[in-house]
């Protein structure tokens, strides 16, 4: 079957598992002919999914999935490949911003998409203020130039660039460690596809999960080659760094996934996260958030056998 | 006779406008498009009303940036055009710089600006950069298009450069300048949007751009369209105001502003 | 005498340009700015050379979109201006639509366009939307500024609307149109950049916009500046070509293109 | 022609004419009845003008500056419409070859002299090639053959006016409206062109409505002179030139010529009574 | 004036003049020596022109259309520079009040008639208020007082030209260059303005260089007439008007006037030999 899967950014290690499944023939083995469509800074592929132009979309977090429910958009998260959202805040070391509690007083370089989601939670949970926010346009220079500032990022890339260019090792705060328990890098599909062709969805989920396990634990050279083909500007050292960080933080494989398999999602965590977001004022408590996901395709232990035995 | 004429002038555009809206509404209904792909005009209007508390303050913010940028563009673009017309070597030296400023993408230089400027000034600078070039270019063209015989006349009276500029070249360039202004007005609005996205503050004091983007992220497409509608109406209003100004300033002497009858 | 004149004409801008570059270099060195904040011109040049394999194909992609958009803008903007000049009710009905298209932010409508169009066409449409308005607006102004006495002459000879357009209004509007084209040329380039960001393909076939953004993301600021330099040079080249075209077409008759001596 | 008693006066004149040709009542090409013209800014250029243009005549309008002569030509050409009164044309609007020498040259600055003169032929569908001889002939007539390739900006004032005359003549129009065509020319060229004009008119049987400030020119050329007064513009006198002798140097020294000159001068002087 | 023998000829004329005033060699304001002018497109408008303008004289240039009269005026005014030869000015460039009536009205379309005439005074730093009387006087002179508030577009051709004349006169210039100023005016207005011009010149002691196509006008006004021929433009004859009797209707019927007219006509005819 021909399917198109859209990511949320230019090809990078954070999409590694999908490229892995494509590169090593896992998708093919599951009878899928997959095209990966790269995202970009101003693209909104979720609308393409809603309009039926693509079959699967990479969801950055669950907030947008809840949004879809709120707007009656029939999009459902069917698997979550990241157990922890790699979203971080980073600060300059030794500038009085070494503890998470210090961060709200700093100037914050935050992108618009994070501002309308994560940051809203940070406001209620930790007292961050919108007045401190400066726009972050995927360019860390203003952060590096200002010692009293913090900046958003992904654990897997921004600290590396800041370190390399800024010649200092920034403090990194993974929000997942501070209570931000959104799933991340979800696979989203249209509800009608789930209903009409659950088998296709299942095969795509399973193959992607296997791809991710192989990317993290196996030989990912081919996947990286494919990533570099799609995005020639990315460097090997960055890819290596990203993979290392994903392992270090247990982004892909930690908690539930160690028993349920990569891609795992649970009702309990969804409920917890939704409660937090409701608290932050993002959603009405009455929202039927359960429509945003389905556990039908995950928690089946797929790929557990690919984990290295400790 | 007056009302007849009014109907004649504004009837067709009114009809076309109504037809466009109706066609849109019908299309949405027939194709049964969900609101997140294309909301119907009725829904957009409804959203405009229900979300007015969010949208109108945002409009105000954007409007402020727009007008500030337009004013800066008039001063900057017009002033530069005047300098260019007075000293050819300045034109040859700095026109390339002006072109570079025009074609440099805001998103690329916004971070640099953010390092050195307050966000509010950075936004103004970005919006200015988008809007100033048409005014510069058209004014320069107008200044260069001054009737040669009148230039001779001023030379005859040994008018100084500046008086020639003030009394001859500027009035002669007025139609061109106003044309540039009409283009620049819309661009200032886009500039405000782009600048806000690249360098602007968010949250409380955010402008329409942020609202549009936010609505897009939150997949609230009807609200996005409501904001876009406000933006469009603002654009039309700016153009209309500048057209009236144009007609007022040129009415008695320039062909472009005169009616066919004499 | 010829070379003397050449020096006189291009000496000052050359000096200014060199001074700007030197000032930039000195500033970077004295302030000891790291390359990720502001790279020195020397470094930018070096990067331009070392990264040429990435940058020049990207430039080519962007250039293709730019020229395509400019051509579309000439046809679309010019054509619309002609329609407007021929039927007032069309102008009154569709000018607002044109303004709406001008002020609608690309980033907001690109996702919608992508639903209905191929990415490559969507990019072209976006870039076109950015570039067409100045051409439309200036051409319309030019068509309306035709010498009233010549219009009378054509009316006398019972020239048809279209012949009057072809033989009278179009030549008369040429200086204005070319002015609009010079503005539109730069805007088409920006449009290509913006469109690429909002709707373009990434990776292999990506244009300069992605290189700039990606380089910014990776804090590879020297490469970002190298790409920006290419972009600026492209903008200047487009402007220069259009200026030469302008001088060629207007040289013998329009004040704006004539030298001071007779 | 004045005050509605037009026809009676006509017949008297025609009866007194020496040639049989004149006995046939000429067709009326144009007639203005009680025509007034008020411009948008409120200035009244004409009030109550009665006038008719007859087939084949050479009608001259004479009057002080600003009295409405150009306005009358524009009304006749249909470039403006009267604010009051009636204007009727009895020639086929579209078919009739109409020529108009405006008071200002009105050339297209982007076209060469040749192309400017080509314009009327081009609008009739003639190719540049086939129009060539006619254009060069017209340019030759006004002495501009050598400047065919020049652009209007490169011409002297008189040359521009001559190009404009050539453009009006190139169609060999049946009705020719000329607004001070020779004002920018020296007397010798003027005399030459006067004769050329009469020759062309004779050959084509054209009707000419002419505006001039020169009493002498009007006396030399016209079959009929209308003297206008300003404020607001109206027709105050009509002088028929009953002499049909050939117009040449001899005519300039004939008593008929002198008489017409004197009459016209007097009428003009009367018209300007009270004027500045 | 022709061919370098200027001074001798001058003296002969001056000696034959009836008034002692003429015995004092007038100061030379302008002198052109071997001046040629070739335009950028290669057209040679003037070749080897020797000419001087003396203080207080009324010098008229007469010649066929396109022979370079306007070009000479432009050179004198310093609006163009000669391609060959030398042009010297002995008056203070900036201080001397210079007036120029261009061949075309050259009015600013965005300014009223009043403001157009105000321009030269404005450039001298006068306020609108204080310039008012002078402007209205100049407008009255050309009969445009009633149209002070009109815009150029709302004027007739002759009225525009008159506004342009008013603008040139309003400064009471000491050197006045006039390029066919009265061509668009009727004879009566023309005569009136001729007299006004002479009166103004007498009162101010101004020098006038005048271009006209009318032999009669030149004979009536000038102290000296230069006849030019074209292709390329050059001066072919000089006619000094030795009669200093007052210029009025009597002068027009005087034998001196008739003699000058005849001479000028003949010179013009000779000059146009071979021309079209």
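Here the chain labels run A, B, C, D and E in written order, and each chain numbers its own residues starting at 1.
We take it that a contact is a pair of C-beta atoms (placed from the backbone, for glycine too) under 8 Å apart; a residue touches a chain by one contact, two chains touch by 3 or more.
Just so it is clear, the structure is predicted and the values come from calculations on it, not from any experiment.
S.K.: Among the other chains, which touch subunit B and subunit D together?
M.R.: Joint contacts, listed by label: C, E.
S.K.: When subunit B meets its copy subunit C, do both sides use mostly the same residue numbers (more than half shared) or mostly different ones?
M.R.: same
S.K.: Kindly indicate the chain pair that has more C-beta pairs in contact than all others.
M.R.: Highest contact count belongs to chains B-C.
S.K.: Among all chains, whose Cα centre is located farthest from the one for subunit D?
M.R.: For subunit D, the chain whose C-alpha mean is farthest off is A.
S.K.: Could you tell me the distance, in whole angstrom, between the mean C-alpha positions of subunit A and subunit B?
M.R.: Computed value for the inter-centroid distance: 39 Å.
S.K.: Just how far, in Å, is the C-alpha centre of subunit E from the one of subunit A?
M.R.: 87
S.K.: Need the CA-centroid distance for the pair subunit B / subunit C, whole Å please.
M.R.: It comes to 17 Å between the two C-alpha centres.
S.K.: Check each residue of subunit B and list the ones that touch at least two other chains.
M.R.: Answer for subunit B, listing residues that touch two or more other chains: 37, 107, 111-112, 115, 147, 197, 213, 216, 254.
S.K.: Got the subunit D residues that touch at least 2 other chains?
M.R.: Counting only residues that touch two or more other chains, subunit D contributes 39, 104.
S.K.: So which bits of subunit A are touching at least two other chains?
M.R.: Residue numbers touching two or more other chains: 44, 47, 51, 137, 139, 141, 145.
S.K.: Spell out the part of subunit E that touches subunit D in their complex, as residue ranges.
M.R.: 39, 41, 43, 62-66, 68-70, 103-104, 140, 143, 145, 150, 154-159, 162, 179-180, 183-190, 213-215, 265, 268-269, 272, 275-276
S.K.: What part of subunit A is in contact with subunit B in the complex they form?
M.R.: Touching subunit B from subunit A are residues 44, 46-47, 50-51, 64, 67-68, 70-73, 110, 112-113, 115-117, 130-131, 133-135, 137, 139, 141-142, 145-146.
S.K.: Under the definition above, what is the set of subunit B residues touching subunit A in their complex?
M.R.: That would be residues 34-37, 107, 110-112, 114-115, 119, 197-204, 210, 213-214, 216-221 of subunit B.
S.K.: Could you please specify the touching residues of subunit D with respect to subunit C in the complex?
M.R.: Checking each residue of subunit D against subunit C gives 74, 77-79, 93-94, 98, 100, 102, 104, 106, 108-111, 119-120, 122-123, 151-153.
S.K.: Which bits of subunit A are touching subunit C when the two form their complex?
M.R.: Its residues touching subunit C are 10-11, 38-44, 47-48, 51, 53, 137-141, 144-145, 161-162, 164-167, 229-235, 238.
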